[in-house]
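See below for the structure under consideration.
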């Protein structure tokens, strides 16, 4: 691993991020990454966060048109409430703050505590939970669906609406709409190694894969002998479509888990598009890249979001963050 | 009676146990979670130790409230808010007294455990820390000075998570595959209860 | 590996790239990726290419402000002359074409053959060789320094000048200047696996690293016990500085080899900036990311380019490609 | 005399050998190169085979020029232009004749090998394909019908690359670490020369 010691991985990364991105205000000690021009007058602010190890999510999505602040926790450990309270205070222009929270017990609890504290300090607050992972099936007997790839879509689209000056209620509503219109499915071709553990988080022999993994290096629901890119696309896209049952075109995120080469990911995208075509579901926008990751895990995930005019307009709107940038 | 020193001893024994067993906790968490439970608690209890040194809280309740707050502010993850709530809630129930009776403590701990259950929505059998905390609290409720039997109850409870299928926390994502592994949080809870027994033994001697 | 069969990896990726990037014209059969609006009247065209497996280099750098076309070869195998001849024909507006060629025997020979053929067809052609890798020391006894990270800088900066309408001679001159002002050094923390080989290209035990690697999965000059991020930065930055001996500020590319998490890469950047600071060489621009890769190799490289006003202006100029995008 | 059929036999034997030995060539290339030499040549010789089927060139020279062109258009890497040039240049030297003498072929092959040396700037001893090609061409120059001794010369030349330090191609980046490995290009060259001997034997029989 390219690290000094496991204990300083997160602050080290924040120092490096500060050096590379003068347009951001990075508070290394308090672990908050803030848009340089925050608070932006008249604008609802978006704050997200979660365990580190999913980069560029969330810190790489801070900037005009997306997040106002991100709170990175330790690797795969949700941040502590103090971080979100501080972030909310730094970005609130008076128009209120939307917390974008991936649905994991730790994130939910820590953001909820932060929301209470921030509200006590007079911040108007709304929270949207992202829970798009169809691999988690029986939500009665689980912590519920995990938040994975759809987080990027929620942050991008709600961020664009906030940038237009929409009020908190509308920003919250569109964030909920994106989440409820999105589903994801992930596959691991290797485990990942966390700095604290110093090795793979689980044992996945070469020649096998895990279907239905999240983004925390946990094993999936099922282990199988290696499949081809086409077979994986069949499985993942169908798992998503069977749950989403879209009635129109979709926005597709074909995401690398960390160590999957872009060459392979583009090849996988060809297969994803093939399956979508054969199911009569055109992808009107496709983003391919390594965005919502699990450290150095090899693998991929597919996120589909049923698109309408509003979502597409906001998706296409300008964004200027370290990891996502277009328009203007 | 249990004085402030008793609670400081408890937390310092807990910090030592967590530090010693951190790798094992992380190993358990890597089987059915995300391989951070040991690191999380080690970081948290180091912060607790530092805060207790620095601030020297004067009552049992203040010790636990401070410790719980530090866990919340330094651990993150699921276990930070949950253990933080356990200690804060227990501490608040103890009120401002300089010393508390074992009975008072047993009652306060029940409150603390109930708060954990409310916050996380889990019940015993869900394969979480509650599977160790609940039996320990129940044992103390029956015999407030029976720290040793609370310890066995917690240890048994942790062991008994092995055949369970997780219904809360990360391990629940694994479905059937969570069966056959001991829950990391139940294991660390057993360490905390063992630390309590340790503190009691040292007091007795 | 997330592939179908090794034989179709490159065309599969091109199909996936075509689907994700309607703004590009991707000729899958002939393996040429072209800016959608090419040829651009009055503009010198930049064509690059090389073996696949270095993505986003080069295909991800096709677009306004950077390359007009890219020619991907098989994995780690330089493209064949037919590709570059076709690309040159597709992008030449009459103002001439600059070939940006990484200095490897295969690339040099194939591009040279292509240049001859394209000139026969009446294209005005210039070629710039990129050879920035200081790990290759005695150029008398080797094929010369390899082209690595500086390729991105050459393509970005010469691409910006071409976009301004500068003539071929000036675009060629600035490309040469960027190359002669740039040096790189790379480190591997793991080998990579090529589809054809189906496994790691060499054996690197955990707990060891290779210093001075290129971008083709070849071992480096020296194997050592694992070093910390800070020690690697010391070694790499000093290797570069001792050769470059810059007299002023630099532009820094802190590059991931493929499987190194962004979290680690940002942490490494913090160490790179520390070493630069201690040597009195400020980095006035820093780009951190996974840009010039070696499939799923874990590791990093540092590229430094002595900056002047012209280079910085061109660096900052707008660019709109799949992998590099800013300004406008 | 060597007719068009002889050269087709040569290339088809070469294609078969390359296909059979592709994994070994790639393995050698993975030790001191980039693990693609076998795949490169397999792809190239498959294209050659297809082109010879499709276009049916009528003279020895045309066979080699076509084959060389196909290698250039399908292989890439260092070996594509180099082997392409070897065959094209040899073929051009043979001129438009329907049949060529072994002496003519030996001379043409020398031209071809010289063209490879000019294009790549390598000389024998640099640990490249030339270390097998040169001795083979030299052997044929001495005894134009001695295809078997050309084969041994090439094989010996390939083996003799093991202790050499590479000065050209990718392997040169390794410096001292290139020592102790057999050069993949010299190895494939030995296969091509062996295929020549094979074609000659089949003609004799």
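Brief remarks on what is shown
The first chain written gets the first letter, and so on, giving A, B, C and D; residue counts start at 1 in each chain.
By our rule, a contact is a pair of C-beta atoms (placed from the backbone, for glycine too) under 8 Å apart; a residue touches a chain by one contact, two chains touch by 3 or more.
These numbers come from a predicted model, not from an experiment.
Among the other chains, D has the CA centre that is most remote from the centre of chain B. Averaged C-alpha coordinates give centres for chain A and chain D that are 53 Å from one another. A separation of 32 Å divides the Cα centre of chain A from that of chain B.
The centroid of the Cα atoms in chain B and the matching centroid in chain D are 73 Å apart.
Residue positions of chain C touching 2 or more other chains: 75.
The set of chain B residues that touch two or more partner chains is empty.
Chain-to-chain contact here is organised linearly: an open path runs through the chains from one end to the other. Counting only pairs that meet the touch rule, the chains in contact are A-B, A-C, C-D. Against chain C, in their complex, chain D makes its touches with residues 26-27, 30-36, 38-40, 43, 72-82, 119-120, 165, 167-170, 172-175, 177. By the touch rule above, chain A contacts chain B in their complex via residues 6, 51, 73-82, 104-106, 109-110, 113, 135-138, 141-143, 146, 194, 196-197, 201-202, 214, 216-219, 221. On the chain C side of its complex with chain A, the touching residues are 1-5, 8-10, 12-17, 19-20, 52-53, 55-56, 60, 75, 189, 199, 206, 228-230, 232, 254, 258-273, 283, 286-288, 290, 293, 295-296, 298-300, 320, 325-326, 328.
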